[in-house]
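This is the structure I have questions about; it appears just below.
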Amino acid sequence: MSHIPLRIGMVGYGFMGRAHSNGYSQANHFFNLKYKPVLQAVAARNAEKARAFADQWGYQDIETDWRKLVERKDIDAIDICTPNNLHKEIALAAAANGKMILCEKPLSMNTAEGEEMCQAVEKAGVANTVWYNYRRIPAVTMAKQLIDEGKLGRIFHYRAMFLQDWTISEDVPQGGTATWRLDAQAAGSGVTGDLLAHCIDTAIWLNGSITGVTAMTETFVKERMHAETGKKQEVKIDDAAAFLARFQNGSLATFESTRYARGHKALYTLEINGEKASIKWDLHDLHRLSFFDHRDEGRLRGWKSIHVSDGDQPYMKNWWVPGLQIGYEHSFVHQVVDFLKSLETGQPCSPTFRDALETQKVCDAVLESAKSGAWVGIS
Amino acid sequence: MSHIPLRIGMVGYGFMGRAHSNGYSQANHFFNLKYKPVLQAVAARNAEKARAFADQWGYQDIETDWRKLVERKDIDAIDICTPNNLHKEIALAAAANGKMILCEKPLSMNTAEGEEMCQAVEKAGVANTVWYNYRRIPAVTMAKQLIDEGKLGRIFHYRAMFLQDWTISEDVPQGGTATWRLDAQAAGSGVTGDLLAHCIDTAIWLNGSITGVTAMTETFVKERMHAETGKKQEVKIDDAAAFLARFQNGSLATFESTRYARGHKALYTLEINGEKASIKWDLHDLHRLSFFDHRDEGRLRGWKSIHVSDGDQPYMKNWWVPGLQIGYEHSFVHQVVDFLKSLETGQPCSPTFRDALETQKVCDAVLESAKSGAWVGIS
Amino acid sequence: MSHIPLRIGMVGYGFMGRAHSNGYSQANHFFNLKYKPVLQAVAARNAEKARAFADQWGYQDIETDWRKLVERKDIDAIDICTPNNLHKEIALAAAANGKMILCEKPLSMNTAEGEEMCQAVEKAGVANTVWYNYRRIPAVTMAKQLIDEGKLGRIFHYRAMFLQDWTISEDVPQGGTATWRLDAQAAGSGVTGDLLAHCIDTAIWLNGSITGVTAMTETFVKERMHAETGKKQEVKIDDAAAFLARFQNGSLATFESTRYARGHKALYTLEINGEKASIKWDLHDLHRLSFFDHRDEGRLRGWKSIHVSDGDQPYMKNWWVPGLQIGYEHSFVHQVVDFLKSLETGQPCSPTFRDALETQKVCDAVLESAKSGAWVGIS
Amino acid sequence: MSHIPLRIGMVGYGFMGRAHSNGYSQANHFFNLKYKPVLQAVAARNAEKARAFADQWGYQDIETDWRKLVERKDIDAIDICTPNNLHKEIALAAAANGKMILCEKPLSMNTAEGEEMCQAVEKAGVANTVWYNYRRIPAVTMAKQLIDEGKLGRIFHYRAMFLQDWTISEDVPQGGTATWRLDAQAAGSGVTGDLLAHCIDTAIWLNGSITGVTAMTETFVKERMHAETGKKQEVKIDDAAAFLARFQNGSLATFESTRYARGHKALYTLEINGEKASIKWDLHDLHRLSFFDHRDEGRLRGWKSIHVSDGDQPYMKNWWVPGLQIGYEHSFVHQVVDFLKSLETGQPCSPTFRDALETQKVCDAVLESAKSGAWVGIS
């Protein structure tokens, strides 16, 4: 079978650069697809690092200026894996050059930037998607199926947390390549844009629009050395954030995120309580979905731990056999697969920029409410 | 060994009447104590039911008017197991008669009532305690030990939930003997006073004072038949409540309670994240404490599930042997044991009325914030 | 309601003496029964200890010779809580005196003794039961219901283990009051009679007769100080035992027990795999039953953790409310309840001596096979 | 960095062909290695299927006769992924041609064949390894580290099971491409060679030599349609097998495997109880290791669930960040990595053919004991 090549131009080579590159490498090994990614070129300011990355993953070429990359004729799609403060500029340039865009989350530094980006891709008419990869963990995708089928009935409660503990030490710096997520200038916000954004994206997808929030944020370590200046500087990001929310469907929600939850490495958890059934999931055992079904016989009701590894569960017939689990990286493979399929069908690959803008609005509302102490509505 | 009798006068014979009576019956079977409860009399308006209850538990006598009970000379302590709206009146009368008082939680309908009750027992100089029984689940008591020893270090986060699902059906009535908790006139509030009050009591005990909250509440089912009038009436209690909080020690908290969390019967959960260690506990497996210790060797760090059934764990040397668990009712036995010991030592048995008043203040602030949408401070 | 008294004469005051006494004390507090135990007298050689025990539990009288106890006219039932080597003699005397007998497990030192005991009670026509208490953990009782209803279909596999770790240290003595279980003369065997006997009793109850076994045993610590002689003596009990078995229904089984499984205090586990469904249970979380049902919709199949605390689950409507767990001691309360009910109906209270003899036969076969290395059939 | 190519010739294209091919594709993406696999050619009788497989994974060429493949000069290593009955013949031919060999487990149909294969590779002096991939699940590798460091002390017990449920239906055929594992002629044995072999390999690696076994096997479904003949034929493999074992270090063991354990897809579990600590692991949550350490403070002892995803845990610094799990397929990537490293160092990559022969001997002893009913020693 011959494939239609999709020539990828990658900007950035960090953690997400690897995760996306692996997605491009693996998609056609496990799924039968019309399109096939070709790793055309990677752009990064540091030529040596770009070269090493290209060698590792098989990119044919490098650029040291992303502007050159987005102008290349031999590239179909730009993948943006830079710190958040560059998303907008690169996306606008890519759209102007008619490139498809796969942008790492969060979409932008704020809603205003995001709105510009949406208008750019919509005007250019280019395929676009944002890497909210957790939608494509098979257990999470199955949760979406169950909700859409009405298995939960009326929803009363939504609960999500994303807990980490890697910044408890005061010795962790801010800024630079490895720790730009602690630098407000590069990241925009702290856990809100980094972690809560994931929770919000999934929540809107599963449970519909959020209409209002009240929030609190905290910065536990007030000053950290900056990796670039070498000086102690005020920390301007939010170390922790929590908010109460109401959804359009009448359900109530609590959301929380922190990098100070000792014992939790990357514990994204979600739970939905419906009239007829409830669902729980967490990232530390991402291959399991917990399900409680009130329609079960009374004395036999209980929470079921479903090992999502069977052929009749989302994405799984393309991997191994029942009982053999997949991991984190596969969520990116699935997003590549779905993006490639969307090119076949001409349908958008959600979340599009426009979908992801909804999450941006909630993030902005959270930060605003944390300052004002008041409820903030989301239109 | 001969014991000093503590003659109990019980008001009420419902669920809590049984739980407390069992506590009085069992305390001296398992613990060596100077005092020994004597089940002197139970008071309830319905003589037949009072008699049946007295027979079942061995109360020597009944009264159909609690006023008579509190005036009896042959009674040392009054146990209040009525709906919340009677707590104050009975407590005031009991104190006026010089009786010790063991009052079911929450202390009162609101802070003002609670303050009156505190003044009454303090003026009378009578021993008093409120049945926030979860403090005396051995795993919870051990959590308190660990925190007091400094094993957690600086606290960053506190999280508590109390989730139930028994009122989802619209056919559940309000009011009457079995469902007075859904009737605002008898209960004062819904999940806030019933369930959140437990979470708040434990939280203050483990983590210190709460300084401010922002809250939301919801009543999902707007009208229910009233068991006494037989008519559909507006439901005035909170079916669900959630709030964000800040503690005096600088930590952040989320609290949530509901009776619409399908799949959770009585799931009280708590988690505390400290700089050095973290703790988790839940009521559905109340004999376990989860503990994460950052001081463990790096590659061997993980959450430990401690089966709290050993002789070196709180209260457990008086029960069976390691590995054999106790249950819910034992928390009440422990409170009886500690109350009897407090009579030996002359020290108060926490939580006293004054301790429990703090919880009442937070409950009031939650309800106020849910109305106003603003943060409410607690002094 | 007035009750028919059942006057109990207890022999022994150790761990099991407490567990049974608690059963007698609690049964009528929680269950409505025609009969009601009266704690008439306890017999033990040490008068002081007997007296203390009587005081703690409310026995009206003591005896220092069990022979006197079994001859007393004011006693209806003898409860045997001594080391195993006294079971037979006491039971024979009790039967000869026309007393009902409640005998602690295992029934006897061996099959021959057990056969004598069966004949004695059958000849005397007295009610009799053996305290294989785990049958009456609600989750285990529910497992029995499900199997009897055919929910599992054809059974393929049975698996049971009883793991402890309290004798790993060479400093634990053998013999005496506290450690008679390590003394072959008092106990007959080690883990086989103490722990495997429980596993075997439940297995036969749930899955039918065992037809043959092949076994191995080991004594890891070869010599221990004897608590009575003060001298190091050879350890003659089995520290660990494991066996393969075949059941009459064609299913295969593995059984294992040890006191050298570091980390397990009293972990009795069982699992049954049937054509249509499977069941798991363990003693460390005795209030839960794990259930897998192949009839569930394919993608939603998984192991369900059932919190056995609801009114429609065995024994539970007599305790608290859904979500509130009971513990170890309640299994003894339930056996008392069922024994008292059996007096109402005139039906035997299983396991009777005759039922328990089956377990004795398997234990003997296990010990024989461990010596010979060959399969041993059970008739 | 330029690499030394290792040109792979693959025989077979089934489930294991995919798993190994993925290992070759991924190794250099995540690990820095001197050698790099090149997918040179795949051999299979069906040219069309071979071609499709080659396209999917990037093999440059195909052969329809494995004899041609093993003779090709442009191939360095032969990977044997055929049914068991072809292992010996291919291995002998490959060795005769001086090829390195990576052979799927079990090594051979029986010990005699395995011995021939060992002699062939040893005589030829070619690098060789057997794909007992579970050794290289990071949690299992860490278990090995802990044991080798003496963290467990003297070992008392070893326990392993491999439970599946995919052959319960009588409609599953035997023989053919998909179900050759049920055909004794292709597979040699049933669960013994397929599943127990994994358990035995890990056990010997972690706990040393097995000296004797007593076993039982069963074939629950006596006849199945043969996929090739289309006729009902007697089933000659073992559907289920269990055995007791003794290790040279004095510890006792139980092993069990079946394809009739309803509810378990591929549940390989192992547990080791040592004097000082114990370990548990299972394949359904392969990224976790359970650890109990008796050296912990008494009241804080418990089973710890270690999420093996940190940089200081085996293989994990090459994957993602703490908290993000990997899956089943990564064990094969790790075996490729270690095989490539072994070429750098010149050290063997365990398990070699000679290592795997030990497992074969135990499998033979299990089958022999199941027939004779007697203990069988292993020399």
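Letters A, B, C and D mark the chains as written, and numbering starts fresh at 1 in each.
The rule we apply is simple: contacts are C-beta pairs under 8 Å (C-beta built on N, C-alpha and C of every residue); 3 or more make two chains touch, one makes a residue touch a chain.
These figures come from a predicted structure and were not determined experimentally.
Colleague: By mean C-alpha position, what chain is farthest away from chain C?
Modeller: A
Colleague: Can you check which chain pair, A-D or A-C, has more C-beta pairs in contact?
Modeller: More contacting C-beta pairs are found at A-D.
Colleague: Where the CA atoms of chain A average out and where those of chain C average out, how many Å apart are those spots?
Modeller: Taking the mean C-alpha position of each chain, the two centres sit 55 Å apart.
Colleague: When the centre of a chain is set as the mean of its C-alpha atoms, what distance in Å lies between chain A and chain B?
Modeller: 42
Colleague: Express in whole angstrom the distance between the two chain centres, defined as the mean CA positions of chain A and chain D.
Modeller: So the centre of chain A lies 36 Å away from the centre of chain D.
Colleague: Give the residues of chain B that touch two or more other chains, as numbers and ranges in rising order.
Modeller: Residues 264, 301, 303, 307, 310.
Colleague: Touching residues of chain A toward chain D in the complex: what are they?
Modeller: 1, 15, 19, 21-22, 25, 28-29, 52, 55-57, 164, 166, 264-267, 283-287, 307, 309-310, 319-330
Colleague: Given the complex with chain B, which residues does chain A contribute to the contact?
Modeller: 156-157, 159, 163, 165, 168, 214-216, 218, 220, 240, 242-244, 246, 250, 252, 254, 256, 258, 260-264, 273-278, 292, 294, 301, 303, 373-375
Colleague: For chain B, which residues count as touching chain D in their complex?
Modeller: Residues in contact with chain D: 142, 291, 293, 296, 298-307, 310, 312-313.
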